[in-house]
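Here's the structure, in C-alpha cells; my notes come after.
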C-alpha cells in the first residue's frame, strides 16, 4: 500500500470547480488531492506580432506558485526579478500541450492566455495545471460561441496529463504526491488525448536509469489515469459541451 | 443609494476562512465583497542581518495579484522582471501596519513573512490584505504558543483597515468597490487599532483637493467600519484567542 | 527648545534659487535648512501613449539622491539595477501632488517631466521636492507662455508640502530635520494648496499609534508651515507671476 | 532518401576533437554533421552551498549559442539580460543526464562545470552537447586521476544522446538536421547509457500527436544511433580510458 | 577665434568650490565653463573582498549625470535598470587615473569612493570629474590625517585631465565645449601628473584618422592646459596642503 | 629575451582561417599565438531607427568570451544578467574602429553586425578581434558585391590593431601575451590604418605613469606590428580583394 493508502493505479481525489474567478472568460479551481491550482483562460482579440495576418490563433501559458504553496516558503519570482528555469519549462509545456488539440485556424486571430497559479502544492502541479487549463480553455471558448465570435469548439479532442513513476519499493505507481515524487527513481509526465494518443512524454531518471520494460509499465498506468481524468473533465463541462467536443 | 445598494456607512459582506492553506503557520481567505485575498503568515526562525543579535523580531509583507484577478488581464511582475511602484507601496504599508501592534521584543528573533495574494479584485485590496493578514499572523502566533516557542500573543491590540472616499454625488462613503473607487474625488485608506487609534492615514485627492470638514466626515466613517471589521476578526479567531489578545 | 534651537511651529531657513540649471525650461535649487534639492521641469511636446488624442497634458516626476547626500554613502539605484520602494513612493507622490493643481486640459498635449535630485539631505526631502518642484514647474510654464504655446498659467492654486511629527519629549513639531525624524513617534507629510485644502495626507505611526486629538494638532502646525512656504514661493516667482496664478 | 542523402537509420558524420581548449581540464570540439559544439569541463574544488559537508560532488551545465551559429543572427542572451526558457531547459537536461552516470560520492566535494557553446548549428545541438560533454567530463576526470585527487573514473557507464522524429513523408528518422527538424511531426530526444538503459526521454508532438506504435519505432532508431555514438566516444577517449570505464 | 571667443590654447573659466557637501569627507563643486560637477570622496574603513589582508587601500569611482544636465533630458540609468557603456568607461577611467598617483599601501586597508555627479554639462565632463575628484580625494585624506588615521598625504603627485581635439577649421584646440566636441574630427582625453607624465591617453578619430604630427600638436596643448588646471587645484587646496603633496 | 622567446618587436604567430562559420556572410577564426577569436560579420538590410532615411550604413560590434577561454572559468554575462564594463568598452572600441575606414554612405542603409567571440584567451583579445573582424567584414562585403547590392568595397583602407607595453625589465615590447600583460607598467592599444594613420590610441599606466619618450618608442613598435598584421590580412583576403581595397 502507498503512503496515503492508494493502490498503484489509483488517482488521488479530483475536484474541478468551474467559474472560480468572475473576471476570466474561463476559470477553474482544480484539486488533485492536496494540490490546488487556479486555472484561468483569458481571450485577447489579437495574436503576437510573428503570427499577424496568418488567420490563426495562439495559445500561451504562464505558471506560478504562491510563496507558501509549499512546505517551505519560496521566494517570489517577481522579487528575484526573473523566472526560474523550472517555471519556464512548465509554462512552455502547458502551452505546447494545449495547442496540440486546438484548431488554431478555427480560433481566428485570437490569443488564449492560460494562467495556472498553484495555491497549494503536493506533487503533480504541472499535470494538474494542464488538466485544469484544458477545462478553463473550453469554458472560454463557450463564451466566444455565446457572443457568436466562433461557431463551434475549435478543439480536436480532450486532453489531460498525469505523472507516473517508479517507487523503489512498490514499483510503478500513478499520480505521485510530493513524498512519493521525492523518493521515486524515475519520474515521467504524460500528456494524452481522449483517443489515447501521446502529446508529450517526459521521462527522467535523475541519478538513475530505466529499462524499456519499465517504460511500458509506466505508459499503461498513465493511459488508465488519463482516461479517469478525462471523465472528470467531462463531468465538469457537462454533457452538452462534452458532446460538442466529441462530435 | 450606492451602485450595489449599500448605505453610505455600510461595509460589503465579509468572510474570513481560517487555515485555508495547509502548509502555512497561519492562513486565511478573506472576502470583502468580490475582493478575495489569500493571506499567509510564515515563521522563519531568524531575522534580517541588520537586526541580528538585538533580540527583537521582524514582520515583512509581500503583496501580489494573480494576472486575472482584474477585469483586464495584467502582466505578471515576474515576467516584467520587476515589482511595480504600486506593489511596493502596498507591501511596505502592510508590513508597517502589522509591526505597529506587535511587541517585536516578545516575538524574539523571528521573522513573520506575510504574503497577500489577491485572487479576485474589486477595490480595497490593500485594506482587505491588512485585515486578513492580521488574522493569519495571530494564527501563526498560536502555532508558536502551541510549540511553546513563546508564552503569550505578542500583540498589543487588534488591527484592521478600510477605505473611505468622497463620491461626487453621494458624498462620503465607506468601503469603496472598484466602480466607486474609479469615480471618487478623494480616496483615503485608514488603518486603526481596536482602541480606535490611528496607525496609518493615507488620503489622496488625485486631481482634486479636500477640506478639513470632509476629512472629519471620512474619519467617522472609517472608524465605524474598522470596528465592524474587528468584530469579524474576533469571530474568525474565536473567543479564546480574542480574549487572550484583549487581556 | 528643539535640537537646532527652533520653536515647535518654526520652519527651518528656506532659500529658493531660480534658474539654477541652464538647460531646463524651469529649475530651482531649494534649501530647507541643510536639505538641498535641485528641481527641474522639462517640457516635452507629447503625452504618454495612454493619453494621446485626449487633448490633456501630463505631469510625471522622478526623485533621486546623490550617493553622498546622506551621512552614510548609499548605493546608487543605477548600480543596484532597480529603483527602491521608497523612491517609487516619493516620485508617485510628487507627480500626484502637482497634478492636483494643474489644469491638464489647458496645458495641452504636453508632458512636464519633474526631476528632483537631492544633493544634500537632512530630513524632509520629499516635501522640499514638492515645494521646489512647484516653482520649477511654474517657471517652465512661463517659457511656454513666452513662446506663446499657452496663453495663461494652467494652475489653479499654489502648492507646498511639509512634514509634521510627534516628538516623544516636545510633542507636535513642524518641519522635522533628520535627527528629529529619527526619533519621532508619528511622522506625517502634508501637501496643501494656497487656499488651505488638502491634496495629500500621509500619517504613519511606525511601531506606534496616534489619536484624533494628536492628528488635529499636527494639522494645525502643517497648515501654518505651508502658508509660510507659499510666501517663499511667491517671493521667488515674483509679483507678476504670483498675481497671474492667484487671479 | 533523406534531404542530405542519408538512410532513415543513419547518423550524420561524427568528429570528436579532444583537448580543443588549452585552459580547460577537459574539452572537445564535437561535430555532428554541420552542428559544431565546443564542450569544456572545468573542475572546481567545492560544491554549491546546499551540498556542503555531504561528501558528494555535483555536475552542472551551461549552454549557449554564438549569435551567428544560426542562419539568422540571434540576439545574445547577455544583451537581453536574461537566459531564455529554451536555454534553461537544455542546460538543465545536460546536467541531469550527466549526473545519472556519475558516482557523485566517488567524485568527492567537487563541482564539474560543463559548458557547451554551439559555434555552428544545424539541428540536434542539445544531443550533440550531451554526447560531447560526456567526453570532456571524462577527460577532466583523467586530470583528477593524474594528480591523484581520485583513484578511478567515477562513472558507471557511457552516455550519449540523439534525436529521432517522424518525417511526414519518410516516417521515423534518426538524427534530424535543421531542415528535417523544422518539418517533423514528432520530435524526440533520447539519452541512453552504454547498456541501453534510458536516462531521459522527451517526446513532443507540437500541434500533432503520436501513437504507441510510432513511439516504439522511434525508440528502436534511437537505440541504434546511440550505440554508434558511443563507439565514436570510445575511439576519441582511447582504449585505456574506455576499458577503465567499462571495467 | 573659437565659438566662445577663446584662443586655441585657452581653458574655459575654472572654479573649484571646496566642502560643497557637508556629509562627505571630501567634496568640491567644480565648474569648467558651463560644465558643473559635484565630486565627493567617501572613506570606508575596509577594502573589497579580493584585496583583504593585503594591507593596501583601494579607490573606486562612480559617475552619473542628472537627467537635465543636458540640452535634451536623458533617461535615468536607474529607470533603465542598467548603467550604459559610456558611464562604465568613464567611471573606470576616473578610478584608474586616481589610483595612479595614490600610494595605496600608505592609505591602508581603506576604500575611497569617488562620486562624480554632473549637474550641468557642456563638454568635458569626464576630465572635469577627474580634476575635481582629485581635490575631493585630497580633502578626504586631510580628514584622515586630522583624525590621525594616516600620518601623511598618500599621494605621489598632482593629477588633472583635459580634452584636446582637432577642429575642422581651426586645427588643434584645448578644452572643447559641447559644440566644439560635436564637430571635432579627433577627440583626445589626456590625464597627466604635475611632473608632466602621462597617466591616460585616449585618442579617437570617430569616422576619421589622425597623423603622428597631429598627435604631437595635441599633446603640447594638453600639457599646457593641465599645468593651468593644477594651479587651480593648488589654489583650492591652499599652500599648506599643496606643499605637503609636493614635498 | 621575452618569456616565450620572442624579440621585443616580434608579433606572435598569426593565422587567419577564412569562412570558418558557414551561416555568416563573412567569418574568420583568427589566432594570435594562443589567443583565438571567431569573428563573424552579418549583414542586415536596415539601419537602427536613429539613422533611417539618411542613406548611410552602420557598423556595430559585440564581444564575448566563452567561460573557459581563460585560465579560471569566468561566469557568463547572460547568467549575471548584464554585460560588464570591460565588455562594453571593447565592443564600443571595435565598432568605432571599423567605422573609421568604412564609407558608410557607399554601404547604403545596411547594418554590419560584427561578433567577436573569444574561444581561447592569452592576452590581446580586443586587438585580435579588431584585426580579425576587419577581414570578416571585407568578406561580407564580397557577398554584397557578388549579389550586386553594392558595386565596390566601401572601405578606405586596411585596418589592424595590436598592443604594446612597457615591461619592467625589458622595456617596450610588442604584442603582449597574458603573462606579459599582467606585469607590464604601461599598456597601450593602437588601431591604425594601412597608411599608418591613427584611429584609436588608448594608453594606460595603471598605478604607474609614462613619459613622452616612452610613448614615442611604443608608437614605433605598434606601427611596425600593425604593418605585419596587415600583410597577414592581405594574404588571407587574396590578391584580388586586396588590390580592390588599395585601388
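In this document, chain identifiers A, B, C, D, E and F correspond to the written order of the chains, with residue numbering beginning at 1 in each.
We adopt the following convention: a contact is a pair of C-beta atoms (placed from the backbone, for glycine too) under 8 Å apart; a residue touches a chain by one contact, two chains touch by 3 or more.
In this text the structure is predicted, and so the values were computed from the model without any measurement.
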Along the graph of touching chains, what's the shortest path length in steps from subunit A to subunit E?
3
Subunit D reached from subunit A - shortest hop count over touching chains
1
Candidate from E-F, A-D or D-F with the same interface as A-B, over half of contact pairs in common:
D-F
Taking the mean of the C-alpha atoms as each chain's centre, how many Å separate subunit C from subunit F?
52
Centre to centre, by mean C-alpha position, how many angstrom separate subunit B and subunit C?
29
So which bits of subunit D are touching at least two other chains?
81-83
Could you walk the ring starting from subunit A, turning first toward subunit B, and list the chains encountered?
A, B, C, E, F, D
Which positions of subunit E touch subunit F when the two form their complex?
82-86, 88-89, 91-92, 96, 99-101, 104, 188, 193, 195-212, 215, 219
Counting only contacts in the complex, subunit E reaches subunit C at residues 21-24, 27, 34, 38, 40, 42, 44, 62, 64, 66-71, 73, 76-83, 87, 113, 115, 117, 119-121
